[in-house]
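Listed below are the structures to be examined.
One chain, chain A, appears in both complexes that follow, with chain B as partner in the first and chain C in the second.
Showing the complex of A and B:
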């Protein structure tokens, strides 16, 4: 896989487990100099949606998120992660800043590849679990609507 | 987007904003009296002067559309990043932020609130470096035991006339916070301005 675009690696960073982020990025966190543009802060966001993506907008519910923005050299890294894990938000934001930096792109490629594999594994596992509960509804055609 | 769009906000968001809010509240309660704020409570790398930046982060959010005067308009991105502040035309803005008295929009067109919700009026935050007022002006009203001379802030007599009309439509009207060097002073709509303080029997 070629170098993922920002949207892709932001998705990988936010959805990764905090253990994987720590494994890949904690070394950078300890050794690099970066500053907080916005220290990790936790708050509620309202998740909104449309039924079938066409209905009227409605509020699904509130969700706890932690956001963080850091600046390393000239790159701004941003992260919004689910839950209240401030350390995870910080690592994800740092990961975003480093991923924009050509100097770190090569060193980080295996890390992102690892995150991608973990994510795919989790999706497969969850899909399998869900599929066992799938129920097919079949409607018998009675044929009385036509030619009545 | 300028380099400063992503510059840090308050260092200690909770404590700093409380200190700034306290200063603004005190200033509005005791009109024309200057309250100082220490520089380490204020954002120093913001696209606004530290005092204006700190006050904006403390008071503004996504529910309070703001109008920025031309020399401060580059701060719109920074305010949106930190507080989700939306830009608005002067007449629709809850907050007017101006780099100087000359950059203020026509004050008559700003929202004075309505009878049901006078609190929906606009608050004017304006940077007034130390400069002689056109004439000595005194503030009177709630919070003032006796008339108090306004700090020298380069106020014109046209402004004083506007403020007299502003006070006359109480409970509607604008509130003003003036940033003056290392501190701020304020004129709530309840403050009455006059060139000659009324003599009162003590």
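Showing the complex of A and C:
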């Protein structure tokens, strides 16, 4: 599978809710034989920003993440997810391994499409709400100007 | 100096039992859940994450519960738990330009590309206690929600609204100092001890985790004249950004999650003159979570701390980097202030006997007791 494509579905897996991953992948988790290359492990990523958003780098603070790697047949699936969430990291890593596997990729396509739609739906919902708070300020003539 | 003490095990155990009972409160009232704290006290959680310097909403909510709402204690708990986890690495730089915006306002441009978006704000509210919140009622609806209907969004494509940085108008005309990207690795104050003079990278890291109250007071002092910073807010934005890393096993940038941040960019008075073309200068605030007051304060203090860089006279504490950076961390501050409540019995005995001998000398020298 090409790199941009893998990047896209890895992102879908990472940003999906735990419940969505369970719904789509828990059946595979229970029925397939796979091994941990790296069992779920929780740790820290130091998050960086730029001075003025464009300038030199600085460290903002750390973020809690969980990473995991599994091997299913010849495919190694990797996952990094936010927070302390071993179950989600394991499912996401399995999802990555299966998506690289021709035997599963096609069956999983609707699942990835659903993840994409769920995310899009949430963003669009939030955006619509936020846009209702867009304001046009009108500058008023202040009282004291009358005496000018 | 304090001394080791022995004993008291039973009393300490009972004190902690008492604390746990106090935390639980009236057993007839349902126990508060982590999800309730995360969802309904989200700004407390945001503050704890920012000051603990650890983005972990669930753990921060747990800390707020465990600390009974004492936010500095909660920061302490979260900061301490951080020590138990390994550091996996550093992220790529966040890009606030690509934020999914929840709020964005500008204090300098009335009409700007993307517009003024108020978002969920306390601004323009009347600050009157709302007695209806004390009653149980239906959950509040968002502005576009259709009551009684589950919303299934919505189209094939993302609704994109273009919201370029407000600062762009000034930077395009060269009216604000440039902020060019440099490849230099920033220092990390969780890795090396603080040393002065500190660069702006370390200062911003220090301010991002600083106590909000301390930063607010410093910013206020600077605005009132103990310093010289009283800026315009070019832009204040709140929203979520993706955090990306380049895992060595993959070798390409990968989103590992989304975090909420508040960013503030200020426009400040001039630098330059003489041979140098005069321009506005920048202050920058970037904080985990919805923390607007702190992001504003941070931007003011960041600019105040650049006094030396611009050859400005140091007139107030907000411009003194050693003063600011050594006293901004509420865990260090609380530790040092609160340690004096611990046993200092031997110390005090020494002072007491010193005073007694001074008294004795005084008496022998002809002084009289009252």
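Basically, the second predicted complex is superposed on the first by the 122 of 148 C-alpha atoms of A that agree within 3 Å, B and C clash if a C-alpha of one lies under 4 Å from a C-alpha of the other, contacts with A are read in each partner's own complex, and residues count from 1 in each chain.
The criterion applied here is as follows: contacts are C-beta pairs under 8 Å (C-beta built on N, C-alpha and C of every residue); 3 or more make two chains touch, one makes a residue touch a chain.
Here the structure is a predicted model, which is why all the values come from computation and not from measurement.
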Which of chain B and chain C A:50 touches, first, second, both or neither: second
Which superposed partner A:25 touches (first chain B, second chain C, both, neither): neither
Partner, of chain C and chain B, that touches more residues belonging to chain A: C
Partner chain in contact with A:69 - chain B first, chain C second, else both or neither: both
Chain B versus chain C as contact partner of A:127, first or second or both or neither: second
Chain B versus chain C as contact partner of A:61, first or second or both or neither: second
Common interface residues of chain A - those touching chain B in one complex and chain C in the other: 41, 69
Residue numbers on chain A that touch chain C, as the complex places them: 3, 7, 10-11, 14-15, 41-65, 67, 69, 78, 80-84, 120-137, 139
Contact footprint of chain B on chain A as seen in their complex: 35-39, 41, 69, 71, 76
Complex contacts: residues of chain C adjacent to chain A: 49-50, 53-59, 82, 85-97, 100-103, 110-111, 115-120, 142-145, 151-159, 161, 165, 167, 179-182, 184-186, 188-190, 200-202, 204-205, 208-209, 242-243, 245, 247, 249-250, 252-259, 261, 263, 265, 282, 284, 286, 288
Residues of chain B that touch chain A when the two form their complex: 6-9, 13, 81-82
